[in-house]
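Two complexes come next, and they have one chain in common, chain A, joined by chain B in the first and chain C in the second.
Then we have the complex of A and B:
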């Protein structure tokens, strides 16, 4: 079990070292990176199997007992997110390999693979970290790698975007560190399980301030309104593979951190009113932003912001049903966002950009591409029977059970947001996919068909198709997923199993 | 790009008393560093070169001391790595990018990769024997000269960290400072070429 917990973190680091050594041999590098991520996926599957019943497994690095040692903990929530993230990371890597083979991204230096694997290690460490400081380390590994990734293939626009991104990231990191030191000052520990015990005895006012501080820290990283301004400015300008992975994972890791800290560390009702207001603002402001944009990537970024609101809403309810809804939503959203950004990358092949102003008739140019867009887009808008519908129904049911005027307001905002999302999606559909294609798009298609780099583009299309398939699997497997989500949510709200697993686990 | 010969410091012009500006004052006749090539920016400084020559071995030995003593005393791989990379930075400041390149044991990214392999390899090694991540074993041996020496397996991990830090600092220095210097050298060579062409054509009219 020890070996298994370390796999998602250590294996990508080893893979990164190997990829760095193989810089001069791109082919071997591609194979080794893909194998590395496949191993991570396998590890995540085994971890999920071990924890699916609600069990929590923990290990102490260095053999020092908690709270002294560094605890690595996997509960059902962490295992579920590890699995989804590693699958998405693997597919995006394959897409990137296809892009490299097809020669569409000649400017891409060979450092992409090592940095990407380091990012993977950071994401995984954030999920399994059992103490606040290690969570910070995981975040920093992830963010530092993302600073390097967002500046790949530099253009003037990307420099500007990455400046904003980096400054905002560093600001929230400083606040994070401040929060950790405050928790340490109050309780004398940074171990999550230990601090959960001791914070219970802390004065309610202090606890609420800390809860708000952590909400702001992770709120910046999760891009909730009013701390969302950096996201639609920086994500859309990065290259496809990077914006896909950022949109899918980075904000969700922050949502995970919000879930973990708010359920485990702080009192139930400390900040839930604030969170409901934030949820309403995020949903509405985000989707209104999406409606006035003219670029598919920017629309998707605003929709991303808006849908973070749904997750905050579910979390604010503080019920098992609410948190289970959040978990289903997380899984659905990670997969769907990654798919849509990859599809945008495919669109870019034909027109070189994603601005709605000069795209028409994509359905006629490539019917498969239209299908790849249509399925996840429907899911995003929450039409039955897609996974988005299931996730939203779970959330709305939980909201209706909880009741109260503010919750009903938030529910109304949620329904409105869903409708407006549908409108935003149809705007893209009507303007970009319907109509007669522009002549240069047909020319681009003919040229692409004749080009020598068909193999790479086939890989890109197949991986995007696989991502769509993963989305459909989430829909089909909604039953087991919901069961798992309810188990995980019950574990989270109870907190006992987590604390016990960490504190009991001595040096093995 | 210019050849090393073009960049060599001017022979002691000022000392000869030919009326030329005394630009060679600071240029030492002796080579204190291994390449003896002048950096593109600024004059050479005897003081700095001599200091670098004397200090670098001491700094490197001190960094190894920090690394070895790190497991139960102040020090460790990170600090040791920083100190060791200071030696290289000093060498770069004194002698420029060619001097730095001459002193590098291997490519910075290879150093990084090697360090990462060693560090994460030792982190997982205990798992294979059923212990937890990063758990350390220690071994005390009596060596003839040193007496009792304690060897902790975490030292291998620290060595990895040491290499990562050195690799990182070296790649930063060679990406920022040395790149700028190479560009300056190229620009200088281009100016030189342009001047030569103008001279061949009889100069500007």
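Then we have the complex of A and C:
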């Protein structure tokens, strides 16, 4: 059991090394990367099985006992996110393989595969890290890999986008480091479980300042308003597979870090009011931004910003129901965002871009593609019976239970945002998918069917379909998922099991 | 607090404020310099967490007292990370300079588009 915890971090790193060695044998490289990620998925399944009942498993790397050693911890929340993330990572990798086979992509696969696996390792380490400094290291591994990925297939536009992205990422990392040094100065430890105990005894004012600092640090990475400006400028510019994985995972890892630090370290009501205001601003500003864009990728990026607000809202409630709602929302959103960005990549095949101005009648060109867009889009807008609806109902119920005028305002903002999301989605639907297709789109379709690269395109379409399928699975499995989310949320708010598991796990 | 400690506090304060000032400039070179200063500030503030900062780690001072090695280990890791990413940032700034022949951060595209939307009304 103890070794299993390290699997999601160690295996992708080894896989990256293998992929680097295999850079001259593209086929072997593709197989080895896919196998690596499949192993991570299997490890995540086993971890979820071990923690589904609410148990927390921990191990100490290097055999030093808790506050001194490096703790790796998996609780139901981490296990759930590990599983969803690794499934999405695997599917996006297969999509990228399809793209490479079809020769569509200008990204260099021999560079892409190793960095992608390093990104996987960073994401997984962020989920399993049991102390602040390793959380920082996990973030840095993930971010450094993402800096390298976003500069793939460089054009002038991408240089500018990646510059913004890198500077913003680096700034938040430095603030994170500052936060760590303050926590260490105050408590003499960076171990999350240990610091949770010791911060409880710290003066309330100091705790509040630290809570706010960490909210800013992760808020920048999670793109909450007013720290969201960099996201719509950098994500849509990157190539499809990369913007898909960024939109699905990177902001969510930051949301995970917010959940972890605000529940475990600072707990209860330290910054709840601030978070509610941030949630309202994020929901409304994000969705208004989405309504005025005319590029599908940019619309999706703004919707992403806006829906981060829902998660912050649930977290601000600080109740089991609220946090359970956030977890359901996280799972749903990771899958749906990735799917939509992949679909946009497929759209780009027909028209070469994703600007709404010159796309029409995609339904007639490719009915399957329309279906691939329609299902996750409905889920995103939160129409019943899709997973987005279930997640929102969970959040709104939690809000109604909590009560208070500010919570009701946030609920109102949430309903408004849902309606406006629907409007944004239908705007895309009507302008891009409805009507008679443009002649050159039909030509493009004929060419696509004839071309020598059909096999690769098929893989792309199938993986996108599989992603849609995962989204539907989330909907169908809503019952068990909700059960798991409530277990995880109860664990998070209690904190006792986590602290106990880490502190009592002796040298292994 | 001892004199070296106070000196460090002042240094960290100067580095943070200078770093953020430079970060807000338009020239990418200055932004990179700002990031470097901020990185130093964060690393030094890690060192500041230890009160016995003047003592050597592990080997011990006159009466065997040592400084806390943990912040130093963390600072070492952090230095490597900031150094690596700064190098990457420099390479990117160079690419921007190659493409544009200057290293000014360009205007926001959306901002300019919105500006253009308003212009016809102004002229009519």
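The rule is simple: the second predicted complex is superposed on the first by the 504 of 508 C-alpha atoms of A that agree within 3 Å, B and C clash if a C-alpha of one lies under 4 Å from a C-alpha of the other, contacts with A are read in each partner's own complex, and residues count from 1 in each chain.
Convention: a residue touches a chain if its C-beta (ideal position, glycine included) is under 8 Å from a C-beta of that chain, and two chains touch if they have at least 3 such contacts.
As the structure is a computational prediction, the values presented were derived from the model and not from experiment.
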Room on chain A for both chain B and chain C (clash or fit): fit
Partner chain(s) touched by A:409 [first = chain B, second = chain C, both, neither]: neither
Chain B versus chain C as contact partner of A:358, first or second or both or neither: neither
Per-residue contact with chain A, leading partner among chain C and chain B: C
First, second, both or neither for A:174, with chain B first and chain C second: second
First (chain B), second (chain C), both or neither touched by A:436: neither
Vertex chain A angle, Cα centres of chain C and chain B, expressed to the nearest 10 degrees: 50
Which superposed partner A:401 touches (first chain B, second chain C, both, neither): neither
Shortest CA-CA distance between chain B and chain C [superposed frame, angstrom]: 8
In the complex with chain A, residue positions of chain B that touch it: 109-110, 112-117, 119-121, 123-124, 127-128, 130-136
Chain A contact footprint on chain C (complex, rising order): 23, 28, 31, 35, 38-39, 41-43, 45-46, 48-49, 70-71, 74, 77-78, 81-82, 84-86, 88-89, 92-93, 95-96, 99-100, 105-106, 108-110
Touching residues (chain side chain A, partner chain C) in the complex: 133, 136-137, 140, 143-144, 147-148, 151, 154, 156, 159-160, 162-163, 166-167, 170-171, 173-175, 177-178, 180-182, 184-185, 190, 232-233
Contact set on chain A toward chain B in their complex: 2-3, 5-6, 10, 13-14, 16-18, 20-21, 23, 59-63, 70, 72, 111, 114, 507-508
